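In what follows, a structure is listed as structure tokens, so that the remarks can point back to it.
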Amino acid sequence: MSLRDAGPPIALVVIFLVFSALSSDFRTIGNVQNIMDTAAVLAVVTCGITFVLMMGSIDLSAPGIMGASAIAVALLVANNRNDNDLGLIGILVAVLLAAALGCLSGLALVLLKVPSFMTTLGVSAVGLGVATLMFAGVQPNISDAMLKGWAVERFLGFAYLTWIAVGCVLLGYLVQRYSRLGRYAFAIGGAEEVLALSGVKVAPYKVAVFTLAGAFYGLAGVMVTSQLSAGLVQAGKGYDFAAITAAVVGGTLLTGGRGGILHSAVGVLLITALTNGLVQVGVSPYWQGGVQGLIVVAAVAAAVVPQRRRNQVTK
Amino acid sequence: GCSEEAGGGGGGDASASGACDPADVKLVGQVRNESNPYEASWLDGGDAFAEQVGLTQERLTYDADSTKQQEQVSQLLAGDTDCLVMNILPNGDSDTPPIVEGAQDAGAYLVTQWNKPADLNVTDYDHWVSHITYNGVESGKQIGDALAEAIGGSGGIIALQGILDTGAAKDRFAGLEESLAANPDVELLDDQTANFSRDEALAVTKTLLTKHGDDVKGIWAANDDMALGALAALEQAGRDDVAVVGIDAVPDALTAIQDGTMTATVSSDGPWQGGIGLAIGYCVATGELSVDDIGDEDRAWFAEQFLINSDNVADFSAPETDEADFECDNVFSRSQGAIS
Amino acid sequence: MSTPVLATPAADPAVVSGGPTVGQRLTSFMPLIALVALLAALTIADPDFLTQRSLTAAVRTSAPLVVLAAGATLVVLCGGIDLSIAALCSLSTVFFAMWLPDLGGLTALAVVVAAGAIGAVQGLAHVLLRIPSFIVTLGGLSIFSSVALVISDAGPIRVVDRDATKWLTLYVGGVVPMAFFVAVLVVAAIALVLRLTPVQSWITATGFSESAARLAGTPVDRVKVAAFTVSGACAGLAAVMLVSRNFSGSPTMADNLLLPAVAAIVVGGTAITGGHGSIWRSLVGALVITLLRVGLPIVGVPSAWEQILYGAIIVAAVALTLDRSKVLIIK
Amino acid sequence: MIDAELEPTVTPLSAEVPALEVRGLVKHYPGVKALDGVDLVVRQNEVLGLAGENGAGKSTLLKALVGLVRPDAGEIWVRGKKVRLKSVVDAADHGIGMVFQEQSLVPNLTAAENIVLGSEGPGVRRGMYRWKTMRNLAQQQLDKIGSDIDPLARTDTLTFAERQMVEIAKVLRIEQRTQFAPVIILDEPTSVLESKEIETLFTQVRRLREFASVVFVSHRLDEVLDVCDRVTVLRGGESVGEVAAAGAVPGDLHRMMIGSTGSDDHYHGNASQRSGEPLRPMLEVRGLSGKTFRDVDLDVHAGEIVGIVGVHGSGREDVCRALFGAEPTTAGEVSLDGTVLELSGTRAACAAGIGYVPAERKIEGMVGPMSVADNMTLTKQKSRCNGPLIAPKKQATLVDGWIERLSIRTPHRGTAIQRLSGGNQQKVVLARWLVAGDIRLLLLDHPTRGLDIGARSEVYRLMRELANSGVATVLLADSLEEAIGMSDRILVMSDGRATKEVACPAGGKPTPLDLVKEMV
């Protein structure tokens, strides 16, 4: 890891140290477990969004896609609305639905040549609409023991969901480092036009990246459903900006071509620790958002200090 | 030059009591969204009433977005407003005045629910027929007391507040404070907002549980959605010794009370609320009821509510609206008195 | 000295007309075409929609969104993004309500200036600390929300004295709402400044290629700070319009206008990556978004389908309006 | 397994069939006829030179040969078969590959990935990278051109010249791709290379000739004649003639290119024209230090041209940027015309009368989608304004004047600069500093990179003219010859330090060899 990548991990350590000094509740094992458990869903969403950001695109579709997959999974596993009891298959179908929605953003991007900002915003609305249609006014609650168990049961002190998130980060890292898809996503962010000159057709890779991202959001939606034991249309509310913030705080550039899954994972922990710490040290709820915003800006500012150059471009 | 008119049409007629042909009445129900069981059931209640009088209800939702609500209402009022009846859930207190003024100017019949600034008087208007709400202070206190009782009168509790700038959140929390004053051994360990959201309540509760650990004996939530989020957090933390209370009586909360995982909630009757607003407006629009004849105490009133706990939960598990509630001479039957 | 390779040989190669082709002219009208198409579709769905009263209400509704989008367009043209406009607008409504008793008729001006100053601070943070505008304004968003909550004591503040905003509720010529008229004036003023001064060049250069702009000695930093300042001031003006409409200020009043405002910019055909676009496009984009927001439910589209249609239509609108000869790589 | 893939399997063809033939190719752009019926024959196993002025259509023609430009009319024949090339992949399948005039590498990938990009072969199995194989494949390519670049280095950490080597290594992959004898197109590959690297490249080109055909473009006509067997000359989108390299001199080519006589002895012509002694020191640099340079002292007098020479990494480019306020400094004092400069940024530098022409034109020099006029007046907005407002008439007269004066070939002043040929773009960028006429110090980083001889002479004439009017100039030249020809004095830099100053008066010029000795 080069020096320019060291900023966010240092910021993470500093934040941990500061909160540990300020609050004895913060530095307990239980709270660290809690931070990890809380970070799980955001981590999975961020895995997806990181690939999109790496390409230099943006993705605002997480709320809609998560909502659709949350309701879908709640209606497919054992629940109070119908007689379905598909278990793992239900989860798979929900993730596939999410991947299909992600694919839709990608297709609109490459076929209609509409910027991803808009296609994903549109797909988010479509996802919410689909979720509302499936919701049909009655809350679906799940009774599927396995899915409920993901949130409750623990292995080595962490909830299964946390391990799923760890698995996603690992998988994401492998894809980013060793698969053509991951490397090309990275390259597209670096110089898309060059890929075309080298005879690489970028369109399929773009669609694939959005599809992959959709699948991650879908899994995140399933995880929220597991946590709440209920499918919520609003399951993904706010996760779009939270995930982008986490990725950027971790050192992924919005202009693409820099950063990666591990950066984003650091960003997720940073944001989650911050949210948790502010509650632990007892900052007033009115001020929490503001203090968090300030610290994020400060953290990013501190992280860019070593790489500040005169003629550097910041967008 | 400038003028105040936006072209012709509209304009309030002198007398507020209408003489609309029942078939010409246009019924509109507006809530935040249909992806929430309580508000979906509200609109269903409106549909039921509309069917009762042989009409249909236009269902509007505004995504909990104040601006969008105003925009919809002003667009609505730019249409034909002579026999328009609106049953509206304003997003927040501050959203009520412009809706009221708009309806007044356009001559539409308006019933609002839940949110209204305290100093805005219904009696100052003749097209704003009625404002209905539940006594938030009362409900906050009721569940506060129930919680205190459930934890044996002493111990630590945490509070999950609603969206901080809504009257409902503030009233309910004020009720909790009253209850705390009456139960001096109950200690409020922490209060945080979870914005009326199940998801946020889950995260906040988890954090508060690690912060206060076993000191937490009870959780007071300003609505049932947050209470359900708190229940999920308790389950994940492996805690079954914490009492949880909420407000709204959504079906899941009733189930939880039946299962014994939740202690108490307070009824708000979505289907009735969806129907009654339209009913009052319909009666005035068709002239069966005259605004002048409605007593001041029925212009802004608290609707009847009940504390629901394991004793009486069975009575509420299938809320039913009674068509008789919507008869013109019966529309104020659930009043618990004027809003003070 | 050499053989010209010009298709139209001329004595002086530099004066060959290089005006836009028919196709190019058409693409600059695409936003308008999209708007008219949408209006036609809504009218078909509900013939009552196309009345003067209804259109008047729609443009009155659109005014704050137009102003918000117009300001933020400048930031987008510079290659950045301003996510704080909506939160700043909410904060400004609180300022307005709080200051009105003391400042009276000057309140509107004071709010616009204050919001402009806050925008400038964000711009300075962006250029001095070299933090991406996305992060600066995201931080700004949460900070402004917090401040608004704290100073308003987390509740709406009623505006009793309505005279200060009454002018905004009047109608020009009986049909054009004053708020919309003011919004169009703002757009026209910004457009004129861009057209008649070198600012357009600076913004375009900054948006397309910041490093080239810098090495050409373009005042990149000042242009960016100015863009953020105007964006902030526009948020302040939008706040005044919202207060005139709602008779109160509230710490969350405009929060939900962020995505519609950015959507308006993109639907107008401005490139979110910077450089290409115009303020007029955002005006039309804001009208399209407003029609979608109020039109779909009013003509009777059920809520779930409304969302699906909204999603499909904004994507289709951008597919129509974006001039792809100017934006070579679509991200 | 890798070896098997790397072994070129060449199917011999009968000697008469040309490897590539172009007949009557036509390409119109709005307002421009880039190609006007070009004919071109590339024989097997030959190196064909392509010469022509900026904008003559060379790049357009070559892009048509790799499927990037769709011609309006005309035919392309490959090995006796008429083909339609739709994409780079198509062209590669026919054995045609190209190194582009503007660099085309993905900056955030490793050199190895760039080299195999799009034809990873065994480097990717089932969608997964095999980094070791990939590295080996790339290493083999790099070995071919004798480069010692680390294949796993990120491309954006390499210097411009190193990146060029990567490009050449990359195009040579075509050998593996096809069973035919490949046609390799090099569009101005030498414009950023140093003499040693150029020699390496030429060795490669000669090696390639053994089994392939090469098309080579350069504005350095001596180079063209040196490495090519035959040279085709383009003018105004047409092929105007053909010269056998053996025995030809650059003057012959130049004559054909411009249709009249010209001289390639363009540096020396009027070196002594300047009148009298240098007036006063304009730029004084004392102990300037930064990240990549230390303790640099430099004086440039009004009317003087000072060249800085050094190998890659000597830091001369950064000194230039630092003087323009575009690179931070840690110590030192700089004064201009007696006033100490803050070096606070590019704005201040411009205001002080300093101009800078960056080497990487495409990224740093111009705003591609903006018009020629706007690019030209970008810095000196005042020159086109009356008060705060733009005066369109004033701008038109001003810009058209400079377009004519510098013979910038553009359909219109409103044309986007990215539609111009590289040389013409460079002229616009230069003109940017001239429009206001208030420049005191000009920092030129490879100002003639990619310019044809005519344009070059034009730029040299301009530089002299400016010097005569009292402008101080710092020149980072394209070649040692250029530095010697143009400069009054030369500063030698190595490893970030100014090691030697060589006087370079008209009549007493040092030889390139003298300088090379100082550089290492």
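Should a chain be cited, it is by its letter among A, B, C and D, assigned in written order, with residues numbered from 1 in that chain.
By our rule, a contact is a pair of C-beta atoms (placed from the backbone, for glycine too) under 8 Å apart; a residue touches a chain by one contact, two chains touch by 3 or more.
Here's who's who by UniProt: A, C = ABC transporter permease; D = Sugar ABC transporter ATP-binding protein.
Worth saying up front: this structure is predicted, and the values here are computed from it rather than measured.
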Chains touching both chain B and chain D: A, C
For chain A paired with chain C, centre-to-centre distance based on mean C-alpha positions, whole Å: 29
Distance from the mean Cα position of chain B to that of chain A, given in whole angstrom: 34
Chain A and chain D, separation of their C-alpha mean positions in angstrom: 44
Multi-chain contact sites of chain B, meaning residues that touch two or more partners: 33-34, 164
Residues of chain D engaged with two or more neighbouring chains: 326, 346, 364
Overlap residues in chain C, where contacts from two or more other chains coincide: 149, 154, 211, 214-215, 303-304
Chain pairs in mutual contact under the definition given at the outset: A-B, A-C, A-D, B-C, C-D
Chain C partner contacts - residues on chain D that touch it in the complex: 28, 30-34, 36, 53, 55-57, 235-237, 258-260, 324, 326, 346-347, 349-351, 356, 358, 363-370, 374, 377-379, 381, 384-385, 388-390, 399-400, 403-404, 407, 409-415, 432, 454
Chain A partner contacts - residues on chain B that touch it in the complex: 33-37, 40-41, 44, 161, 164, 190-193, 197-199, 202-204, 206-213, 228-229, 232, 235-236, 238, 250-252, 255
Residues of chain A touching chain D in the complex: 177-181, 183, 186-187, 189-191, 193-200, 257-258, 309-311
Interfacial residue positions of chain B with respect to chain C in the complex: 1-10, 33-34, 58-61, 63-68, 70-72, 74-80, 92-95, 97-98, 101, 117, 119, 163-165, 167, 170
Partner chain A, residues of chain D touching it in the complex: 68, 87-89, 92, 100, 104-109, 113, 117-120, 124, 127-129, 131, 170, 321, 325-328, 345-346, 364
